[in-house]
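In structure tokens below, several structures.
Two complexes, one shared chain (subunit A), two partners (subunit B, subunit C).
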Partner chain A sequence: MLFGYHWNLTSDWAFALSILPMLLKGLVVTVEATVLGYLLALTLGLLLALLRMAPSRLVAWPTAFIIEFLRDTPLLVQLYFLYFVLPLYGINLPAFLTGTLALGLQYSAYTSEVYRAGIKAVPKGQWEAALALDLTPLRTYRDIIVPQAIPRILPALGNYLVSIIKDTPILSAVTVLEMLDVAKMVGDRTFRYMVPLTMVGVLFLLLTLLTATALRRLERRLPQRGIPLR
Partner chain B sequence: MMFAQLLPPLLRGAEITAQITLASTLLGALFAFAAGIGKLSRHRALRWPAVGYIEVFRGTSLLVQLFWLFFALPIIGISLSPLSAGILGLSLNIGAYGAEVVRGALQATARGQREAARALNFTPRQTLWRILLPQALPEMMPPFGNLAVQNLKDSALVSLITLADLTYQAQNLRNITLQTVPILTATLLLYFAMALVLTAAMRWLERRVRYAAGHER
Partner chain C sequence: MNPAVRFRQVTKRFGDLTVLEQFDFEVAQGEIVTLIGASGSGKSTVLRILMTLEELQDGEVEIEGEPLWHERKGGRTVAASEQHLRRMRKKVGMVFQQFNLFPHMSVLRNITEAPIHVLQLPRAEAETRARELLRLVGLEEKADAFPEQLSGGQQQRVAIARALAMRPRVLLFDEPTSALDPEMVGEVLNVIRQVAGEHELTMILVTHEMNFAREISDRVCFFDQGRILEQGPPEQIFTAPREERTREFLRTVLPDSGRT
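On to the complex of A and B.
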């Protein structure tokens, strides 16, 4: 029994049907962690990108190092670090929040590079024209650069949403009861791993395919020339 | 406990991590070429399995794949050791991503090259081996470099199927000594160092491939 549901061991199909509600409960946690981690990655990534492009090397270089470090070390070890080290400094977060924090941190390094590449890809002439027209830096960014960078940035950001979905099972390592952990638990108690683990695989496949399809649709609707912010 | 005492077990784990990464990257490259070329085949019997493999392994989580290989397969009588399950899982996963790189690079070769090969009456096999692959290979190398680093980081997950890699040793040591901060910091730094070495090695390989393909004077 798990979450108040009982499993039915009479046949593989009956078993599959009986554990589906449990897996769907885990799926909710998977989706929650994905969404929260992704939002964190989008915001933190923007911050990192801005610091990385700061005119002062004193700011830009340490930021570049942090981004590189986050990109080049495993999510699982970063997660362990947050989970075991933060409490030593009096920061006691629930496992779920620590997990989403780890997801957000690792992916902020990726998204920061997406933002930076998108802004860099705006033709140089646009910057020069803004300068020639004596636009303020704020107006240059808000009205010229960012609107043109968005169509380049959004598709790449979308790809990371799909990746983050697939990385959420790592949170099970710090006791977050997401979909894979639920399946493992069912397996541990019934000694039947094939059915629950295969179902988790199929559910993940559905989740990533649906997300990817939705993103492609969204991408096609994006105006290629730029999106005005006002 | 002294730092000098913590380091040897971590280094033993790092050695396993390096071995697993190397083995699964090489095996993964094999899968990548087989599936990437297979996906472009005219024959459905080759194309469909390739597409299925790529979609399944890119669409699901690596950890799910590892658990499936390690916990579910023994039930139908195929028992893999943690080492073989780890290497197989990592290489199947990275191979699926690599397959898309191979396919993309092959498709990006100039159309005229394929037409010229046809005009010269090359067989499809000759066209692939003598015309398309030599031109596409240098283009594949930079993304392959990224995938190799990705694979190094992914290899930490094998600790969850009881393989004694760097992450596993770190967790084990932490449970015994409770020296959480130095152990996890050293672990992160070791991974970072290995990633830098791997990146440099892949850059070197990239230059060698470009040189061998005659792209450089």
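On to the complex of A and C.
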């Protein structure tokens, strides 16, 4: 029994059907962790990108170091660090929040590089025309640069969304009952691993395919010349 | 009356390369001046300094008697603040070789963006003016088109309208026809001609269209290695250049007249 559901061991199909509700509970946690982690990555990433491009080296270089550090150390190490070290300094977060924080932090380093590349890819002439028209820097970013960067960065940001979905099982390392952890628990108690693990694979596949299809649709609908922010 | 533009002892370097050295240059108000010379001789740099796209290392630039890169504070001359630069920039407009229209905005919004957000004009007034300018450049019916739907020549005509919409005192043209297919050069030159005729504008052009320079300019300046080697009325420069370097340059760009 798990989450109040009982498993039925009479056949593989019956077993599969009976544990589906448990796995779907785990799937909800997976989706929640994905959405929260991704939103954190998108906002923090933009902030990191802007700091990384700051005219002052005093700001840009430490930011570059933080980005490299987040990108080039394993997610699991970062997660364990947050989970086991933060409490020593009096910061006690629920395991779920620690997990999404770790996901969001590492992916913010990835998205910051996407933002930076997207902004750098806007031709220099656009900055010069904006300056010649005396637009303020804020207006230049808002009306000229960002609208043109969006179609350039969207595909890469979308790939990271799919990628973050696939990284959520790492949360099971800190006792979060997401989909993989649920399946493992079912296996531990019934000694039948093939069915629950296969189902986890299929559910992940459905989730990522669905996401990828939605993203492709969105990309196709965006005009490549840029999107005015209104 | 103050000159529209004055360079005094201006030095500009890119790393080890000195582009302008103790450079002096003046343009009177309403004057149309063309800068000619080989590429790399510093012509475009003069325009880019005026548009504040390039900083200078030494010397002073004035626009209508007011320092551009400096300001006077309490009797002392200090480097210009961003605020000062923004105010001075309003006096200058620029047309680029690559047009640099905003690709995600309609033609009309390309023209109204800065008047609305910089000059704070009401949208309706900005659009009325934009349509008048589009009529001037002969593209009234393209107001709602996007730049990618226009030919290069049409894009450059929109870019001229966009620059005029800010009502600059000085308008700079940086090789406005160099990126165009030959059959489109004429329409852009016609528009520049018309702008020169209808507006009380000071114009500085960098161009390789020698016949056009000869026809439209009050004065032609021949640049050589960061200096103005020779300048004068177009008739004199093109028919009786005093300097050997000028003659040599004109021979290469005007092969027909060069051989006679």
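Definition applied: the second predicted complex is superposed on the first by the 230 of 230 C-alpha atoms of A that agree within 3 Å, B and C clash if a C-alpha of one lies under 4 Å from a C-alpha of the other, contacts with A are read in each partner's own complex, and residues count from 1 in each chain.
Note that in this section contacts are C-beta pairs under 8 Å (C-beta built on N, C-alpha and C of every residue); 3 or more make two chains touch, one makes a residue touch a chain.
All of these numbers come straight from a predicted model, not from anything done at the bench.
Engineer: Could you tell me whether subunit B and subunit C fit or clash when both sit on subunit A in the superposition?
Structural biologist: These partners fit in the superposed model.
Engineer: At the Cα centre of subunit A, what angle separates the centres of subunit B and subunit C, to the nearest 10 degrees?
Structural biologist: The three centres form an angle at subunit A of 100 degrees.
Engineer: Scan A:134 for contacts with subunit B and subunit C and give back first, second, both or neither.
Structural biologist: A:134 sits against subunit C, while subunit B stays out of touch.
Engineer: Is the number of subunit A residues in contact higher for subunit B or for subunit C?
Structural biologist: B
Engineer: Given the touch rule stated above, what does A:166 touch, subunit B (first), subunit C (second), both, or neither?
Structural biologist: The answer is first: A:166 touches subunit B but not subunit C.
Engineer: Contact-wise, after the overlay, does A:190 reach subunit B, subunit C, both or neither (first, second, both, neither)?
Structural biologist: neither
Engineer: Have a look at where A:78 lands relative to subunit B and subunit C in the superposition and call it first, second, both or neither.
Structural biologist: first
Engineer: Kindly classify A:208 by the partners it touches after superposition: subunit B alone (first), subunit C alone (second), both, or neither?
Structural biologist: first
Engineer: Rounded to the nearest angstrom, what is the minimum C-alpha distance from subunit B to subunit C in the superposition?
Structural biologist: Nearest C-alpha atoms of the two chains are 27 Å apart.
Engineer: Could you give the residue numbers on subunit A that contact subunit B in one complex and subunit C in the other?
Structural biologist: In subunit A, nothing is touched by subunit B and also by subunit C.
Engineer: Quick check: in the complex, which residue numbers of subunit A touch subunit C?
Structural biologist: For this pair, the touching residues of subunit A are 123, 125-126, 128-129, 131-136, 139, 143-144, 147-148, 223, 225-228.
Engineer: Which residues of subunit A touch subunit B in the complex?
Structural biologist: 69, 72-78, 80-81, 84-85, 88, 166-170, 172-173, 180, 183-184, 187, 192-194, 197-198, 200-201, 204-205, 208-209
Engineer: Residues of subunit B touching subunit A in their complex?
Structural biologist: 55-56, 58-65, 67-68, 71-72, 75-76, 149, 152-157, 159-160, 167, 170-171, 174, 180-181, 184-185, 187-188, 191-192, 195-196
Engineer: Please give the residue numbers of subunit C that touch subunit A in the complex, ascending.
Structural biologist: Interface residues on the subunit C side: 51-53, 86, 89-90, 92-94, 96, 98, 100-105, 109, 113-114, 117-118, 146-148, 162-163, 166.
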